[in-house]
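Chain IDs A, B and C follow the sequence of writing; residue 1 opens each chain.
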Amino acid sequence: MIDFIGLIFICIGFAFDVFGCLGLVRLPDVYNRLQAATKCVTLGTCSILFGTFLVVGVTSAGIKALLCMVFLILTSPVAAHAVARGAHRSGVKLWAGSVIDKYAEDREGEV
Amino acid sequence: MATNKTMKKRSWLIGAIVLAAILLLILARPLPFLFYPDLPYLALLGRALYIIILACFMCLYRIFKGPTGADRIVAIDILGIMIVGLCAILTISTARPWYIDIGIAWALQSFISTLALSKYLEGRGFEE
Amino acid sequence: MKSRIILFLVALLVWSLLSWVPDWQHLLVGIFVAWFVAFITGDLFIRRAHVLKHFSRYWYFVSLYLPTFLWECLKANLDVAFRVLHPNLPINPGIVKVNTSLKSDTALTFLANSITLTPGTLTVDIDKDNNVLYVHWIDVQAKDVESATKIVVERFENILRRIFD
């Protein structure tokens, strides 16, 4: 029974991974791609790892999968934040259909 | 504007058909794979592995095509996270627990390399 | 000194989880490595050790923050999946500015991470002097500062103020 629940978690994880990569291909600029990819792929991989924990059980591999999940949830938004800030500071423009850019307005005086 | 919209819809249709064809090809019949043959859910895991390899190829397309450097860095980061999931699947399907160690090491290394690449993109030193 | 002891305990816990089931050889090496790590990076992570003594904070973290966070995360994923699969790509992106009243570093880090993993928002930069966050929003609903603050930040700010400040 627990194996079956774990397999359901793994299938949900695969679906969200594919959606995230589809967003990486389809969306128009860096920031939108970053949003779609970070959210979907982080939750998808965490779901796969949790399913692995459920299938394997409380063994060394299962505990390591849980640790890896906590590490991914903590670090993946930090990496996304760093890439977004670096991209904006290195001068990557927003998509032409964007509505507003307060960050560029506020950084006019500094540079 | 109208032609733009119809072209968008047509390209969406073509993409959906191609994706559905690949998924059908994967899900239609069992694929040969180097796994232990006595696990009960082996066929499902083998097919799912091919789906994640498809997602990895989408990331490789973005690395190949990306107009700016930031796109490539995002794709490399996402590829690293997805390989951790691949290692978890290999842990189950081959019943060898050391695959998850590769996953943990890959996650650490991928995070640090993404931070270093974004600092390089920002054009400043590491001293801050 | 207090922060070093706490860091030592955390490092030893992580080590013993990584080498599950721990026997005495693993524990001996682990005590040595954890002491070394705590000795080198002791004053880097934990600045206000007295906060860790309030046990109600852990209870708030488990009972208030985690369910809210998981629910918002699930909603964010469904939202992104809908936007990606839709033929017309219904996005309306932009970068808005929001205010926050949190002070400590840990609370700001958790706020930024929560904003990044919730529907349609991504933290781009933090200005600590003016207490301002710049947030990239995939579907801009409000352009001025106050209403954007009300929509984006308020879900988490009250909970995080109870936990970390």
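Side notes on the structure shown:
The working rule: contacts are C-beta pairs under 8 Å (C-beta built on N, C-alpha and C of every residue); 3 or more make two chains touch, one makes a residue touch a chain.
For clarity, every value in this text was computed on a predicted model and none was experimentally measured.
Taking A-C and B-C together, the chain pair joined by more C-beta contacts is A-C. Of all chains present, the one whose mean CA position sits nearest the global mean of protein CA atoms is A. Inter-chain spacing, taken between the CA centroids of chain A and chain B, is 12 Å. Centroids of chain A and chain C (each the mean of its C-alpha atoms) stand 14 Å apart. The mean-CA centres of chain B and chain C are about 25 angstrom from one another, to the nearest whole unit.
Residue positions of chain A with contacts to 2 or more other chains are 20, 22, 34, 38, 42, 59-60, 64, 67, 78, 80, 85.
Partner chain C is touched in their complex by these residues of chain A: 16, 19-20, 22-23, 26-29, 31-32, 34-36, 38-40, 42-43, 59-60, 63-64, 67, 73-74, 77-78, 80-81, 84-85, 88, 94-95, 97-104, 106. Interface residues of chain C facing chain B in the complex, by the touch rule stated above, are 87-88. Touching chain B in their complex are the following residues of chain A: 3, 7, 10-11, 13-14, 17-18, 20-22, 24-25, 30, 33-34, 37-38, 41-42, 44-45, 48-49, 52, 55-56, 59-61, 64-65, 67-68, 71-72, 75-76, 78-80, 82-83, 85-87, 89-90, 92. The touching residues of chain B, when paired with chain A in their complex, are 41, 44-45, 48, 51-52, 54-56, 58-59, 61-62, 68-71, 73-75, 77-78, 81-82, 84-85, 88-89, 91-92, 97, 100-101, 103-104, 107-108, 111, 114-115, 117-123.
Contact residues on chain B toward chain C in their complex (touch as defined above): 5, 8-9, 12.
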